[in-house]
Each structure stands twice: as structure tokens, then as C-alpha cells.
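Here's a structure for you.
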Amino acid sequence: MMGDSFKKVYNWLDERIGLKPIEELAKHKEVPVHRYSFWYYFGGMTLFLFSVQVITGMILLLYYRPSAGTAYESVRFITTQVHFGWLIRSIHSWSANLMVGALFVHMFSVYLLKSYRRPREITWLTGVLLLFVTLGFGFTGYLLPWNKLSFFATKVGTDIAGSIPIIGNTILVFLRGGKEVTGATLTRLFGFHVMVLPLTIFLILGIHLYLIQKHGMALPVREARKEKEGEKIRTIPFLPNFLYRDAIGWILVLGILVFLASVFPWELGEKADPLASAPAGIRPEWYFMFMFQTLKLIPSKVLFIEGELLGILGFTFGGLILFFVPFLDRKSNKLEENRLFTILGVLVILYMIVLTVWGYAV
Amino acid sequence: MQSNRIRLGIVMKKIDWIIGIIAITAVLFVGSAFGKTDYCIQCHSEMDDSPKSPAVLIKSDIHYQRGLSCADCHGGDASKNDAEEAMSPKKGFVGKPSYRQIPNFCGRCHSDVEYMRKYEPKLRVDQLQLYWTSNHGKMLKKGDRRVAQCVSCHGVHNIKSIKNPQSPVNKINVPATCAKCHADKKYMHKYNIPTDQYAKYSRSVHGKLLLEKRDTSAPACNSCHGNHGATPPGLASISAACGECHGINRDLYNKSPHKEPWAELGYRQCVQCHDYHLIKELTDEDVGVGNNAVCIDCHDKGDGGYEAAFRIKASLDSLKYDIRIADSILAKAKKSGADVGELTFELGEASKGLIEARNRVHSFSPDVVGEVTSASMQKINIVIELGNDSLKALWHRKIGLILTSFLILLVAGLLYLKIRRVEKKK
Amino acid sequence: MSKEGAGNSRRSFLNWLLGGGVGALLAAAVYPIIRFIYPPEIPQATQSSVVAAKVGELPPDSGKIFKFGTKPGILIHTKQGKYLSFSAVCTHLQCTVQYEKSKQDIWCACHNGRYDLTGKNISGPPPSPLETYNVVIKGEEIIVSKKA
């Protein structure tokens, strides 16, 4: 009987919005099983953490007040007075970090498995854009509690952007909403954080997810070659087998989030004082650390170029390479192993890890 | 074209010359406008050793900087290039005043209201008058040429404003300046007074503040002894001297049961417990009936004062105990992630009761001390209660965390079973 | 037949348990969110200004200590009927100052520091003046704010 009425509702909806194709897609979606299948989970993990961000972010907005005089106090109010405010705020902070972490793992696994190759070039491009937008979220969100550390980290971060020749100053003024980091910067970054970036990310994420459904899960080069040679690759259905596995990962991460938020609550620190001198050991968020440390290590002058500029140019160049990888790697498209790109990727990962650890050790 | 350029060059050179000449004339003109050559300084500068030194030192002298020069004190005519003429007694030349003459020598101007008003209307003019009341002044009058007069402290020929940090009588330098003589055993031998004041002062609360932390709100020697009228405060005026800054304590003392009996016994008010020069920062251990307490120097078990001392100490101790408890609770709550900013503020406010209670010890009345300690303790007890509440709330968080973790592991396990079931079916 | 039935019941038991578990988990996630959304008893206040007192609460020629953020402030109603406000933290050793009627000045009980009614340190150990605040009267409320 229950089944009957469910069917009725389903048919009614199907007639109007078309549920059948979605059902078909879900039914037939298969996930290949091979030695690298584990890495498939990280895309979904990033998406899950993103949802956590959306939910916690939305409700934090109910109490947050974006101005220099009120931001710190309102976050304090959230963590001390609002029911579960400490939890929600802490989860938002921790989840942001775990999300960036999951995103990095996702991206590097896709890179090393060369899943960006034809016909998934656009999926990769949107993915890289999602990375940039996510880092933008991190950068803009960091300032919002308006505490000492975030204030000076933002100052240093925007200063670095300001040292780009010709357009640097324009970027700096654009980011800061003036020449200095002030309340105007806070309001501006808040606007980016809750309006501009979310709309952007939803648009790009929509394309990204659509393309994944369209092309299905990518195979590593070796598996793809086997498939081409007529070998059958073992798969499991996405529904429910893979989704269940995904769900296990999600709730475990949820558990980790709750644990981190309860046992290591995200500190609020001291209120920012624009007139105070910069505290020792200003650090950006960990995912910017390798760039920060690189800029610190480059000598002030390399040949005739300024060191900082050289670093920025290097990272811009690296970002462009990352973006255009699908068009640079021609071997993978022909299902040949591209050792050069694999080694390059591993080197970049090692570089990032070493510099990050170095940055924290010093 | 080229010749034009050369001609232009010549014209430029000419212009340079003209500018140069104008500049030199201007300098000469301005120089003469500001006063003719001071031949005292000019001649003495060309001499050696001691006759030369005043001419050098005077450049940094406050008097010179305000437009006065040698002749304004020593008389004579600075406009004469001839020594005899310039230093002729006919021109009022007095030369070097003797040791005993110096106070009056300076006083000619510094006691002259009309004269001083032209230079520094705010400056007092009673220094000389005060000086003659000081021990220094009295002994100088008797012919002692070892006692301090104006230049002993202020320096000579390079006298600086007391606001100048290099002045020997700038507040921070005063103790060392007095110590030049007063810490010199040989020099002071004849007077039969101690020479350890400076050593003691530098170790005192006041000395540490002034000399180490450079806190000029702390007193130097002259703050208690007076400067020009320097003299040891008499017995009755000790509390007046200390009370200049420690007014609360003075008032409390004056109303306390110690005041009259101590006066009769010849006890030295503040100094009786706190010592002088080596002003001790008394701790709570100095109060009460413990081994280190100063109260038991006079009070024995059984008398009223003994009991009062005991009760005062008990009040202080229980307040301190409560503050410690509250502190540890808040520290614990903070460590566990609770926000205790509000409570820390409340505790800080309540803890100020301890400062007041320590002040009130000078009433030597257990009731007066107890009044403020019990009020503070009431406030602190509220803080303790709220602090415990927030610890309890943290405990709730932990329980919540444990339950959630359990639930999550359960669901994860069930999902695992479900997957196995689904895949086995195939 | 019976084996299959046992399998079925075991499966439905697992499904039931799983459904319950997921339901509980959802509830555990939604509960804090709902509690969060519902506003707390203590309303959110801005800290750059604070209601120090109500009009009429303070008779002329008296003062009152109020909490300004995490530090005490002092509101003074002068004999002439003017409202003045300062930080109540003595610049000497951070004791809380008070208004003294008899001298019409601000006085710190700890070391007898005195400030006049412009906040200037006039006697005793305080090394610097008290920070002055702006006072605005809005309807029934006396609002004190920090000077920009």
C-alpha cells in the first residue's frame, strides 16, 4: 500500500520534472575496482566537507556581524553565548581545513592517475578553478574573526599580492578596499566569502559534477589500456555499494570533526588592533605555507629580478601549468605512461610537504 | 650654439659668486645683530686647561642658551678685547665667588621675582631661603666648606634644566648625585651619619622603580627630604612624608589604635615596620603572628593586638585562598576550551579587594580589613560557582562527544555489514 | 524456505537498525543546528558602545562604575548636570578609580592618585591621563562609546 502511494507520487513528479533519466543514470553508474580505487573517495569527501561548510556557514551568518567594531565580538558571542555556537564555529574552521586537505589529495590523485586526459579536460579545468575558489574561501574567511593573527596574516598576504609589478597595486587596493587593511577590508572579504565565492563555486561545481556523471569514473592509464585490449574491468554499482562506502567515510569524518571541535576548539585569539605592532611568527593558513616559506627563502635579488617577484611569477607559472596539464600531457591521451609528469607531480608534492614542514619548524 | 653654452656657463658662475657674497654678508650681519663678539668666551677658548673649561662648558649651559653669558654672573665687560679692561672691578667684575659665597651668588637672580619672571615665570624663587633652612645651609653658614651648595648638585658652567635627563638633578639622577657625598665613608666620617642610604635605597621598592624601571612617579631622595631645604624628616612628619603618595595608608594609620601609643613610645610610624631608605615591600607574611611577622615584635600571645593581627592575617589568607581556587578553576576551564573572559574580568575586579585589604591593614583593625575581604570573597564565590558551572558544561560536551562517537562508529559498522550483505547477495 | 526467511528477517533487522542509526545520527546533527538558530537568552550587544546608565539613575555630583567590554569604565554626573565618562582603569597600577564628591575629582584608592574631571592626572603616582569616552544621551539611555 505504501509502495502504491509512493509510486503515484513518483509518477506524478516524473511526468513533470523527469525523474526517469536520473534513475537510469543512478542505476547504471558503475565504479571500477582496481588497486587505485581508494582515491575515488576523496572527491566525494571534499563535496561532503563542502556541504558541512555550507550548512555551518549559513547559520553562522545569523549572528556574525561584519564590521571592525563588531566582528570579533560577534564571533565571541557565538562561541560563548549561542547554544552549540562553540561547536558550529569550530566545525566550520576545522572542516574548512579538512576540506582543503581532501581537495589536495583529490587533485593530486587525479593528476597522478592522469584522469584529466581526453575526454575529461574540462572536468580538470573546472576542478582547478574549484581549487582556486576554495583557497579564496580560505583566505577571505581567515580574516572574518578579526583577530590579531588573521589581521596580520591578511596584511602580509595582500602585501605579497601588491608586490606584483604593474597590476599589483590595483589588486592590493581591490582586495583591501583601500590602501590599508581596515574595516573596509573586512566588509569586502566578507562579501566575497558569503556571496561572490559561493555563487561562483556553485556554478563551477555544477559543471564539474555534471561532467563526472557524463563521463563516469576515470580509469588509470594501465587499466584503460587493458580495457581497450578487450579485458573486462571489474566494477561495482555506484548505488548502493559505492555510496555506502562513501557514507562510511563521511560519517567517520563527521566524527573526526566533532572530536576536533570538542577537544581542540578553534581559538579566537585576541582582537585585532591595527595600531599594534605585528606579533612574532605571523603565519598564513597551512595551505599557503609552502608559498609563504618559498617567498621567505628566495634571496631578495636573483640576477636582476626581485626575489619576491620571481617567487610570485614562479607560482603563477606553476598555476598555469597545473591548469593546462590536460593539453600538455599528450602521451596519456594515447594511453601511454607519462613518467615525466608522474615524477614532476611527486616532486611538487614533496616540495610542498617539505616547505610546509619547514615553515612550521622555523 | 657652443659659445652660447659657454657664455651661459660664465653667467652661472657669476650667479654663484653673487649668491656666495650675499650669504657671507648675511651671516656677518645676523652675527652682529645677535650680539657682539663675547670676548670672555673668545679669549678663554684660546687658553689651556682650567681657564679654558668654562668657555667650553658654557655652550651647553641653560643660562647661555637663554641668552645669558659669563659677564651676567661674573660681571665685567665682555665687549672689551683687552683682559685688563674686560675684567676690571670698575666694570663690576667679581671673578670666582668663594665656596661660601656661591648660594648668594646664584640667589642674586634666582631669588629675584622680577628678574626670574623674564626667563621662566613658573620657576620658584625660594631656593635660597629654603637652602638656609637645610642642614647643608646651616653648616655652610658655620663655615663648613664640605657641605653641598648650589653647584655641588647642579654643576657649574654647564648647568642644565632639571628636565634634561643629563642633569645631575634630573629625578632619575638625584639618588646618585646625593650619593656622591653621602655614600662616601671617608667624606662623611666627620658627620657621624650613615653612608648606606644609597645602597639601601637602590634595593628599595622606590629605588627599583626609579632606577631600574625608570618610573619617575617613584620618589627620589628629595621627594621625602625636600631638595633645597634638605633635612631628615622629624619623627612626627614621617607619615606626612610617606602620606604624600600613600595617603590612604596615612589616613588609616592616623585613625588606628597604633597612632597615640606609638607617638608616646617614640616609635617611628611607617618606618617602624617598613624601614627607611630600604623601604621593604612587605608581604602578607610580614603581617600576623607567624615567625616572620612584624606584629609579634611587640605583641605577645594573649594580648588584644596579637588576636587582631591573627584575624587580619586570616582575612587576607582566606581571600587569597579563594582567589587561588577561582584562578585554578578558570585556568582549567580555559584549558578545556571554555570562554572564561567574562569570569576572568569579574575575578580581576574582585581581586582588587586584596589590594584594598592590604591597604587597610594599616588600620590595624580586623573589622576594617574583614569588611573588604568578605565583600570580595562573596564576589569571588560567585565566580567560583559560575566557573564550576562552565566546567560542568564542558563535561556535558565530553559526554556528548562520547555518545556521538559511539553512534558514528555504530552506524559505520552497520553500513559495513550492509555492504557485505549487498555484495554477498551478488 | 526457512533459511531464506531467517536471512530476510536478519536483513530487515539490519535495515531497521541502520535506519534507526542514521535517524539518530541525523537527529544528533540537526539538534545542535536548531538550538544554534534559536537565539540565546542574553542578547548580542555591540562592544564599541555600551549603555552605562539610565537617565535619572545617577543623581548629580555622583559617579558610577560600569562594564565596558572587559574593562571597567566610570560615568560621572557632575554637579553642573553634565555627563562625563572615562576608562576607570588607573594608569598607575590598574586599580579601579572612583568619583570623589568632596573634591569633585576622580580618585584611585590604591595609591591616592587623582585625576581632574577632564581625565588628566593631577596628583599622586598616575603617569598619564585616563582615556576619555564619548557620552550620548538617547532617550532614556546614557550611551558611552570609545573615541574613534
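The letters A, B and C name the chains in turn, as written, and every chain counts its residues from 1.
Here is the rule we go by: a contact is a pair of C-beta atoms (placed from the backbone, for glycine too) under 8 Å apart; a residue touches a chain by one contact, two chains touch by 3 or more.
These numbers were taken from a predicted model, which means no experiment stands behind them.
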Comparing the two chain pairs, does A-C have more C-beta contacts than A-B, or is it the other way round? A-B
Can you figure out the chain closest to the middle, judged by Cα centres? C
Could you tell me the distance, in whole angstrom, between the mean C-alpha positions of subunit A and subunit C? 37
Centroid spacing, where centroids are CA-atom means, of subunit A and subunit B in whole angstrom: 58
Can you list the subunit C residues in contact with two or more other chains? 25
Which residues of subunit A are in contact with two or more other chains? 87, 251, 254
At which residue positions does subunit B touch at least two other chains? 341-342, 404, 408, 411, 415, 418
Which of the residues in subunit B come into contact with subunit C in the complex? 215-218, 245-248, 341-342, 344-345, 349, 352, 355-356, 359, 403-404, 407-408, 410-411, 414-415, 417-418, 421
As the complex stands, subunit B meets subunit A at residues 337, 339, 341-342, 397-398, 400-401, 404-405, 408-409, 411-412, 415-416, 418-419, 422-423
Considering only the defined contacts, which subunit A positions touch subunit B in the complex? 76, 79-80, 86-87, 236, 240-241, 244-245, 247-248, 251-252, 254-255, 258-259, 262-265, 268
Give the list of subunit C residues in touch with subunit A in this complex. 25, 29, 32-33, 35-40, 42, 44-48
Interfacial residue positions of subunit C with respect to subunit B in the complex: 11, 14-15, 17-18, 21-22, 24-25, 28, 67, 70-72, 92-93, 95-96, 109-112, 124-127
